[in-house]
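I've put the structures underneath this note.
Both of the next two complexes hold subunit A, though its partner changes from subunit B to subunit C.
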Partner chain A sequence: MGTIIVLGIIIATYLMVVAKRVTALVRSFAIQSFFLFLYTLVIARREGNVELYIVSGLLFFFKVILIPHFINRIARKIKVNENLGLFLNVQLSLFFALVCTYASWAFSRMVVPAQDPTMAIALTAAFTVILVGMFLMIFRMKALSQTVGLLVMENGVFLVASSIAGGMPFFVELAIFLDILLSVIILNIFVYRINKMFTHVDAAKLNKLKG
Partner chain B sequence: MIFLAVLIIPVVLSLIILMVKRARALAIIHSLGYAAILLVSLVLLYRTTVLAEPVVISDLFLLDGLSLFFVLVISLVGFASSMYSIGYISQDVQDGRFSSSKARMYYLLFNFFLLSMYLVVSLNNLGFVWVCIEMTTLVSALLVGFYRTKQSVEAAWKYIIICSVGIILALLGIILFSYAMSLAGGPKSLNWTDLFAMAGKLDKNILKIAFIFILVGYGTKAGLAPMHTWLPDAHSQAVAPISALLSGVLLKTAVYAIIRFGLVVNKGLGSSEYFSHLMVGFGLVSLAVAAGLILVQKDLKRLLAYSSIEHIGVISVGLGIGGPIASLGVLLHVLNHALTKSLMFFGAGNIVKRYDRHNMRMIHGVIQSMPFTGILFLLGTFAITGFPPFSIFMSELLIIIAGFLKGSYVVIGFLLFFLVVVFSAIINHFSPMLFGRAPKDLPKYSEPLSEKLAFLFLLALVVGLSIALPWLVRDGIIAAGEILKGI
Partner chain C sequence: MKIILIFSQFCLLVVLAPLVSGFIAKIKNNLRMRRGAAVCQPYYNLRKFFVKGEVISDAASWIFRATPFVVLAATLTALFLAPAVIAANPAVLAGEFLAIIFILALGRFFLALAGLDAGSSFGGMGSSREMFISSLAEPAACLAVFALFLQPGTTNPELLGMINGLRLANIFAALGLFMVIIAETSRLPIDNQETHLELTMIHEAMILEYSGRSLALIELAAYLKQLLWFMLLGQILFPATVSYSAGFIPLAVTSLFFLAKIFVIAGIVGVVEILIAKMRLFRVMDYFGFAIVMGILAIVAAIMGI
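The block that comes next holds the complex of A and B.
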């Protein structure tokens, strides 16, 4: 069961890499978060842990509903040009994502004991998500896509935590959720300001300060 | 628990901001609050290190010598910065750079910023420490983008994005540490004390990988090269008193976090070799990058930012060398750099405000046009480049002595070379700016009393620490060796 959900996460991640528009990117992020929610729910049921149920509920509320809605709203508000402005075309990006997956697999084999393949698969997915998040931040030069990239990386770290370390202590998890929400709000404030001052949200053109 | 006063005062101050309407009264109350915190942190450090009272350890707080030392550093710079803010912010309001309601916003963010830094160095749970470090980024990003110019918004965006990515990698490191704990059969806890107690049983390979993530992640926040790229932008665009806080203490809180994990790794691996190589490596790269970019720098505040990278490099090399003498050097350097760099940023703030430009080649005759700031800035220049009788000289000397005693001649050779490059570059940049003839059309200017007091407070500490050190060095080495035991 867990492995199928993990596959869903990986597919959602690939969808992000091929997305050409902001709305598509945000939708894939919501899908990825939804699978992450399912994954946490499965673990919660397996361990019969009330705290994990709460965490998965929060995950659903924040990452599947609230944050995607938030980003979509700001994208509409600033009337951003829908195109993400790919630095790397779709084929190469997808190829890169596959390489990321392979590298993650190699790394997971190093860390996880050999008799535990499900854990290795989950960890592979997690590192793929982190690397793709980084990729989105570097190769998609809209300020909004950098925000999404950051959230994707965070999703990956969350998956690492729940797959190998059995999740983080409950209150730490809550604090991290709060933190993410705050950073999305503050990032959106800045996206708004950038748009107002520069009349674009192209992070690649933020290049006044150097040296 | 008199430590709680340190956390409660900023909260109370924030509430006062919401109630008091008069700007001047507000600024003075704010500054008095930080004077009180400074007093409390001095008492705390004295009681723990000199009187050797038992260390406070609970699930929430961990207040050993290391934590309290960093609390003191934050308090010193926080107090100086709050005093400097009185004059600086009211001038900004008068000049119409922002409205008086935004000035209240400034004080509110100032308090949150300080509060989050105090939490970083005093919490026991490493997960909460992580959250608080991210909080410092979010709050200070608002202060970096405070002027709402194009440059400052760009700087704030880069700052928040780069540091958040770094910090997510650090979170990954923390998770790997907790994975190692669960493999070793330890409790499911992220408390540093539990981690440290279990260190000997943790898987060595996972420990090594986890520490790399921690070092890259928190190193981004500490300004270690090559992850430093956000730093010059953010430091040069922030409001001047905040630049001092960013450079003086924010970087050090990240260093604090690295030290905490370093202690665990050293204990777990049974030797400090791994930690030492990494720290020396990153330290020397930071020194090299900083030296190169200071050489070609034109912007006054960016130059000071690169100088912070240089000093973080020195601290990192000192941590790599290790041992009681280097420990004293490192701790003193953390303190001295915080004090001296605040002095420099205050001076730079005044200069930039008066000349209305950042480019050093367009600024002449600072000493003539504003004698007080000019002379203090000149003294600060000698202090920051490591001239005696200023305290940075002493801490660098201690690190260099420790390096020679350990036999790391090559490392110390490089360190000295980069220090010489930085020294000559800074003197070369600053002398035409400070001396020479001031342009005639500058309006008359004299620094407000509060700013003068802030300058003199810092200068007295910078000189006093260096003069007092020879008498205290013996006890200092013992105390520092105790605080950084295992580095």
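The block that comes next holds the complex of A and C.
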């Protein structure tokens, strides 16, 4: 069961790599978070941990509903062209994502004992998600995708924690959620300001000072 | 006994094929809050086409006349080679998966030639697009399915999904194959069966010059091809075949299961088609890029043994 959910996470990650628009990116992020929520539920059931149930509920509320809603709203509000602007075209991006998956599989095979394939798969997915999040931050032009990339990396870290250690301590988890929510709000305001001042949110062009 | 069973299975599949299309159209119409045509509408269409007269362009050569027969014969042969209900089918063992792919490619080759043959601009456009799409779709299909042939070490399509049941590699392969099927049956993000708008049509543009009996043969071939792909997908996800000597009840149960899985896949295709919009032609490359990546992931998963 856990393995199939991890498969969903991997596919949602690949969907993010092929996304050319902000809405598609955010939708894939919501899908990925939803699968992460399912995964946390499975872990919680396996470990019999009540705190993990609460964490998964919070995850659903914040990452599947609230944060995608925020980002979509800011994307509508600043009325920029929805195109993400790719530094690397879709085929090369997919290839890069494949290389990421393979590298993380090679790494997790070294780390995890060979008798435990489910954990190796989960770890592979987790490192893939982290690397792809970094990829989204670097190779997409619009400032909104930097926000989403950060969130994706956070999803990956969450997946690492829940697959290896059965989740972080409850208060750490809680703090991270609030942190993420605040950072999304702040980044959104920031993007809004950038758009007001420069009339675009193209991170590639933000290399000159303007007073 | 065995031969009778195999032939009756084949004939039933041929009869069933238009129904699947009608079922998908019905589902789509009902989801759009319309009543829609009857489920048997494809049969009525075929009968209508068979009765009507035929117009053939003066510029057309023998290729144009021969194509409907070649396409239908190729598709029938491919369907004959595909696994359905009866296990250890000698026809399946004779062909194997690569034969199915290449026999279908023969039909497609003739269709593209016929599109060019009549000399209308639409036909040529349709042929060029069809070739562009199939050059991407075929490797994606092969890659996805070959991942599942790694372990048994043969390309016998009956063994698709039979080894160790449903595994991660099967799901990846099924996803890749599903995306290919959407394109191969000329459905929505790639092509649109419902319109004859010049900008969107691909399959319809190729066969635009056909009418009457020839059109009926080509349409029937399209239904058969669709059923064939659904069968292969069903074989990957929920393999179930039964020996011909098993007696009446196991045969009947397996047949019912087979019908159920075909119609479930058809329903999923219909719902997917409702949900998405037509894709720009040059985004098709990204679409198949994704399908090919699914195939590669299936191979990786098969090698990892998960």
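By definition in this document, the second predicted complex is superposed on the first by the 208 of 211 C-alpha atoms of A that agree within 3 Å, B and C clash if a C-alpha of one lies under 4 Å from a C-alpha of the other, contacts with A are read in each partner's own complex, and residues count from 1 in each chain.
Throughout what follows, a contact is a pair of C-beta atoms (placed from the backbone, for glycine too) under 8 Å apart; a residue touches a chain by one contact, two chains touch by 3 or more.
This is a predicted model, so every value here is computed, not measured.
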Superposition on subunit A - do subunit B and subunit C clash or fit: fit
First, second, both or neither for A:Val50, with subunit B first and subunit C second: neither
Partner chain(s) touched by A:Ala106 [first = subunit B, second = subunit C, both, neither]: neither
Touched partner set for A:Met1, first subunit B, second subunit C, both or neither: neither
Touching partner for A:Ile65 - first (subunit B), second (subunit C), both, neither: neither
Of subunit C and subunit B, partner touching more subunit A residues: B
Which of subunit B and subunit C A:Val160 touches, first, second, both or neither: first
Touched partner set for A:Leu150, first subunit B, second subunit C, both or neither: first
Partner chain(s) touched by A:Pro117 [first = subunit B, second = subunit C, both, neither]: second
Once both complexes are placed on the shared chain, angle at subunit A toward subunit B and subunit C, C-alpha, multiple of 10 degrees: 160
Contacts of A:Gln91 with subunit B and subunit C, given as first, second, both or neither: second
Minimum Cα separation, subunit C to subunit B, after superposition on A (Å): 24
Parts of subunit C lying in touch with subunit A, wherever the complex brings them together: 168, 171-172, 175, 285-286, 289-290, 293-294, 296-297, 300, 304-306
Sites on subunit A touched by subunit C in the complex: 3-4, 7, 10-11, 14-15, 18, 20, 90-91, 94, 97-98, 101-102, 105, 117, 121
Residue ranges of subunit B in contact with subunit A within the complex: 125, 127-128, 130-131, 134-135, 138, 141-142, 145, 148, 150-151, 153-158, 160-161, 164-165, 168, 171-172, 175-176, 178-179, 182, 188-190, 205-206, 209, 232-233, 236-237, 293, 296-299, 302
Touching residues (chain side subunit A, partner subunit B) in the complex: 110-111, 130, 134, 137, 143, 146, 150, 153-154, 157, 160-161, 164-166, 168-169, 171-172, 175-176, 178-179, 182-183, 186-187, 189-190, 193-194, 197-198, 203, 206, 208-209, 211
